[in-house]
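Some structures to go through are shown next.
Next come two complexes built around chain A: one with chain B, the other with chain C.
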Partner chain A sequence: MWRFMRDRLLTTLLTVWGASTLAFLVLRLLPGDAITNQMLQGGASPATIAARRAAMGLESPLPIQYVRFLLDLIRGDLGYSYLTQQPVNALIGEQLGATISLASAALFIAIILGLALGMIEALYWPRWPGQIASALNVLALAAPIYWTGTLAIYVFSTQLSLLPATGSGSPIHLLLPAGVLGFHVAGSIARVTRTSLRRIQEAPFVRTAYAKGLRSSQILFSHVLRASFPPILSIIALQTGFLLGGTVITEMIFVRQGIGQLLQHAVIDQDYPVVLGVVVLAAITYSVVNTLADIGHGLLDPRLRLAEES
Partner chain B sequence: MTRLSLLTALLAILLAACASGTASQTLPEPRIVYGLTLMPSGFDPHLNASAELGIPLRSVYDTLVYRDPATGAFVPGLASQWEISADGRTYTFNLRTDVVFHDGTPFNAQAVAANLDRITNPDNGSQKARFMLGPLTGYEVLDDHTIRLILSEPYAPLLDSLSQVYLGIASPTQLAEYDNATYQFHQVGTGPFRMVEYVPGDRLVLTRNPQYAWGPSFYTLPDNPVQTIEFRFFEDPPTRTLALESGEVHIVGEIQPVDAQLLSGNPEIRLYPVPIPGQPLQFLMNTRRFPTDSLTVRQALILATNRAAIAETIFQRFSPIAYGPLTAVTDDYYPQVADTYPYDIAQAQALLSAVGFTERNAEGILMVPTGLQSAPTQVAAGTATPTASSAGLPLKLTMVIPPWGQIPQVAQLIQSQWRQVGIDVEIRQVAGLGQLREAAAEGTYNLIALNFFGRDASLLEQFFLSDGALNWTRYSDVELDTYLRDAGRETDPARRSAFYAAAQTRIMEQALILPIRDYVNLNGATARLTGVAFDAQGWFPLLHNFGWIAGED
Partner chain C sequence: MRIPLPDLIGSAQRQPRPFAVPVMILSIVVVITLAAPLLNLPDPRTAVAEAHLRPPSLEHPFGTDALGRDVLSRTLWGGQQTLLVALLGAGIAILPGLVLGVMAGYNQGWTDRLLMAGMDILLAFPNLLLGLATIALIGPGRFSIALAVGLAGLPAYARVARAAVLMVRSAPYIDAAHAIGVPPGQILLFHILPNIRESLFSFAGVSLSWAILNGAALAFLGFGGDPAIPDWGAMLNEGRAVFRLAPWIALPPGIAITLTIFAANRLADAWQDTAGHRI
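This part shows the complex of A and B:
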């Protein structure tokens, strides 16, 4: 177990280092930055802009800037926004809560919905409940979030006046955005659930269970589901990336604050320290979630544990 | 057990995160939600450059002078009167004596001085306000209520600058207490509204200043004035309209023209189209790249553009057609430019064949003739782009555009219009201003779309001076430079107007831009909101005049 933890920690560190270095290089090699753009719009001369960039350490050679960035990163300091001069840590901190609640609510909905759709598809195909589940699954995978999002606002808020479309402040405000985002994340989960269930159902041990005379619900819940879970867990972990990307659009459509909005604006404004900060955060989140999924795998699948112990 | 506790923990996090959002105080009613269409990265008017920040903050601050939105005339604000020296280099302001900031600090000449110090200090990195002060070299506090601003040379746009929110006067007490990163959360002015809170990405809340009694002549208190305004960020255009219809937002700007057409049938919603002074939606033509280096080709392009069709289909007739480098509501707009280039395909084709474009390929696209000489270019501006030799190939122009303001739709329509005269267009869309600037620096475009807003015609300088930071036409002309420079220094309004008339005429004679439409901000508001009006710059609402018609919700 310790070796496992140590390996995972090392992988996490490597991932974060790799992602942030790549992001650092790409961002610095692109011409232009937030300071230049804003000052130019204000009417500043090129000489004034150069002086300002120099004052912020942007005229130093790239390797020096990189070492400075890494040393700060090790200390947990993500630097300052070019535009507002606020610490990036504070900017991320302000927005983190809103994104965590959106992402976790969406993930919660996605897991329930994805499992349900996948199971219905696997068990009821080709009867009508299976057909409907399959159609919803395709919609979740294929339709863009902004389309379903706008449609959801139009139906549930403007026409039916059931739910508020925009704003934050109460769990009610979370329902529509988390529902829409969760619906799209559910697509992949449903597909993997369906495939995995079908595969396990055909396994010899299931036939044995039937032969022993177990009730089919018993077989499904205590044998088939448990055995089909590892790939489902993997896809849930992999969906974190999609989930983080999806928050960008969801936050915009539903007028919510959050990391997605922060990132989108930082990219367009070329406020690079903020972009880098969010990349580091995303790399950490992704690594942590996948580590948790691996641990989950071990708990669910005794074969993996035994293989490691031997 | 593990599964259940995991679920409970998840729900607990969720609820905790939601609960943290409900910090809204009990603020006086009536309360409205105002939809902003962009999320400014910074909200400090002295330091940041966004136009969106002025929508709330125009009413948190007062300015030394104001501009009457109806006439454009300068009227007293925090300064009760002012005097400009004969040489145009000193401005003396007599300040009101009855004004207090929201935090109780008295307003006086020292307060104005503290603001000027903050804006002009290079360490603070002001992105806009500093440059609006032009050649300001210093000030003199003559007594507690008199201050004199000193310029190194005459600077005609100064009063217009001083009337804008970027030079709004903030409480010196607050400026001393907070630093550049934190002041934006604790802004204190003398205006009709106080700032209650700003939660980045979520909301900015204002509440009425009950002591306010020093507003400019066009501020009038309505019956049942709106007391509290919550600003939220509606960046997605379809959401704006839907939220307006469902009553989640009471007023919002930049409604899509097609949506506005639909809303105009709704009795509960009123439309307020506001023409914005400044530059129209325009394409700057690169005079140093083939084939737009030829004046004849540039003229043909304008003639081949059916602007009426664009205004009708994309802007649903909410926008007037633009003919020159300034919109019709801008100071010193010169109406005669309207006659220069009517829509005339035959004339466009005649001009193109006159410079040698006569052969067409199978798709009907004109072929670049061999041995065609590029028009001799003027004196070099910046790095010269060699005129590409594309002889024997189909005629193809490159157009670089930003994603905002319906410009992508306009570009597509132009693409199909120009196809009729045998010109192919490649459209390159970029993400934002920064990326647009990079494309401009590369110089591999024939047309590039960018326009700025402002009431004072001096905004032409950045775009059309030979050494202007945004001289993306790459045109360099002593005559045009002289008109623009002289206009900037001229304090006599009639003579200044004449210089700008000459500059506008010259820009269109040389066909440096393809103007499309005057910008109109389509605001939509619930019919229960009264007194909806905007300032002389067009963007900023006069929140003081906002009232509410009571009724059951």
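This part shows the complex of A and C:
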């Protein structure tokens, strides 16, 4: 197990390094950036612009900039915004709380809803509960969040005045955006849960459990669910990594503070250090979560880690 | 309260999901959007100030938007844009993804490790963020969106193609082909690819639905370039701003996107079921 974990961690480190390097290279190699744009608009002379760029270390040769970037990254320093000169860490830090609460509330809803829908669909398929679960699942996967979000605001906020549509702060403000984001993430979780459950139901050990005279609920919880859990764990981890992408649009629709808004504005303004910071943060989150899931997978299913170790 | 549990023993014999429904939906969507020039609709780009935010009527069956443009006309013309960008994006994901994935799966060893490490690095960026970063680099526009969407979908397609190749690579009939001296290129083309085509087609359907979803998302976020040219994603954003006053603007493009993605997903499911049937 230790070797399995060590290999996994090493791969993760390499992936994070590769991802940061790629993001750095691509974002630095491109002509045009926020500093030049901003100062040209302000009527600054080329000399002033060059001085400013030099002060930010942008005139040094690329390898030197890269080494500086890596050293800073290892210390957890993501550089400075071209536009406001504020540290990217501080900019992200200001917004991180709002995004984390949105993402974790959405994830919580997605896991509960996704497992429920998937189980209902797998177990009750031709009958009405299965049909309803299946329809909801299809909607969650096919409808774009930027549309259902608008509809949800219209129904729950404008028409029924049940929930506030926009703003952040209290848990009530969180309910609508987290519900909508969670509903869509639940789609993939439900799909994998359904498929995995069905596959396990075909396994001979379910028949054996019946033959031993176990009750249906015992078979479901301690045999079927347990055996079908590893792929579900993987999809939950995958979706957790993707949540940061989902929050970009959710934050825009519900006019919430957060990393998504920060990124969207940074993209429009070509404020590359901020884009770089957010993208690197997302890649690290994704890799770490998936590594944890892989390790969990290995703990649940000894065949997997033995196969990799051999 | 006790919830009645059904019989937990599943059966392997399940009806494969049909092709007819998704194929029908997709053909209808494509035919209608392509027919837009023939339908004698008002120009989707001309703003008519005095006709703004009209509810549906005989003259404007889907109403008009904030600039007085006909929503029906914009939905049909917008469909052309959205579908074109999505097809282009899916193509950019699928073709290089297929080549890279097959190369990795067939050659194994170092080629495989290097290619897949590269794909893992790309996979570490959430889809939409990769798209946004691409837009940040090459600027907004419809071609940028297609490229952004394609790059975001490429690593997943490569992974699936590789996994599919690995499934059949060690099959006895491949060994047999090697043994009788069939050249590797022929083995790939005539022995491996035909046997994994269902998986490849199936994931192409998934890639298409991602391309529609992500492409429209980027257009929704305002990265589609010229705002006069209609597009489903951009229309949803325009409709969002005035949804309380004029819900008819966001409904047609929203329903159209949902139906198209649903059909693409179902097409993927149907291909997958045929694969399950053969094995």
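The rule is simple: the second predicted complex is superposed on the first by the 282 of 310 C-alpha atoms of A that agree within 3 Å, B and C clash if a C-alpha of one lies under 4 Å from a C-alpha of the other, contacts with A are read in each partner's own complex, and residues count from 1 in each chain.
The rule we apply is simple: contacts are C-beta pairs under 8 Å (C-beta built on N, C-alpha and C of every residue); 3 or more make two chains touch, one makes a residue touch a chain.
Fair warning: this is a prediction, and the values are worked out from it, not measured in the lab.
In the three-chain model built by superposing on chain A, chain B clashes with chain C.
When the two complexes are overlaid on their common chain A, residue A:100 makes contact with chain B while staying clear of chain C.
Of the two partner chains, chain C is the only one that A:23 touches; chain B does not reach it. After overlaying the two complexes on the shared chain, residue contacts for A:267 are found with chain B and with chain C alike. Of the two partner chains placed by superposition, only chain C is touched by A:245; chain B is not.
When both complexes are overlaid on chain A, the residue A:257 reaches chain B alone and has no touch with chain C. Residue contacts after overlaying the shared chain place A:216 against chain C, while chain B stays out of touching range. In the superposition on chain A, A:139 contacts chain C only, with no contact to chain B. By the document's definition of touching, of the two partners only chain C reaches A:286; chain B does not. Of the two partner chains, chain B and chain C are each touched by A:158. The contact surfaces that chain B and chain C form on chain A in the two complexes overlap at residues 30, 146, 150, 153-154, 158, 252-253, 266-268, 270.
Remark: chain B residues 10-11, 13-15, 17-18, 20-22, 24, 39, 41-42, 44, 48-49, 122-123, 125-132, 180-182, 184, 199-202, 232-236, 238-239, 242-243, 245-246, 248-249, 431-435, 437-438, 441, 452, 462, 469-470 touch chain A in the complex.
Contact residues of chain A toward chain B in the complex are 30-46, 48, 51-52, 55, 80-81, 83-87, 91, 94-95, 97-98, 100-101, 104-105, 108, 146, 150, 153-154, 157-158, 161, 164-171, 173-174, 252-258, 261-262, 265-271.
Remark: chain A residues 11, 14-16, 18-19, 22-23, 26-27, 30, 123-124, 138-139, 141-144, 146-147, 150-151, 153-154, 158, 198-202, 206-207, 210, 216-217, 219-220, 224, 241-246, 248-249, 252-253, 263-264, 266-268, 270, 272, 275, 278-279, 282-283, 286-287 touch chain C in the complex. Per the touch definition, chain C reaches chain A in the complex via residues 5-6, 8-12, 14, 117-118, 120-129, 132-133, 135-137, 209, 213, 216-217, 220-223, 233, 236-237, 239-240, 243-244, 247, 250, 253-254, 257-259, 261-262, 265.
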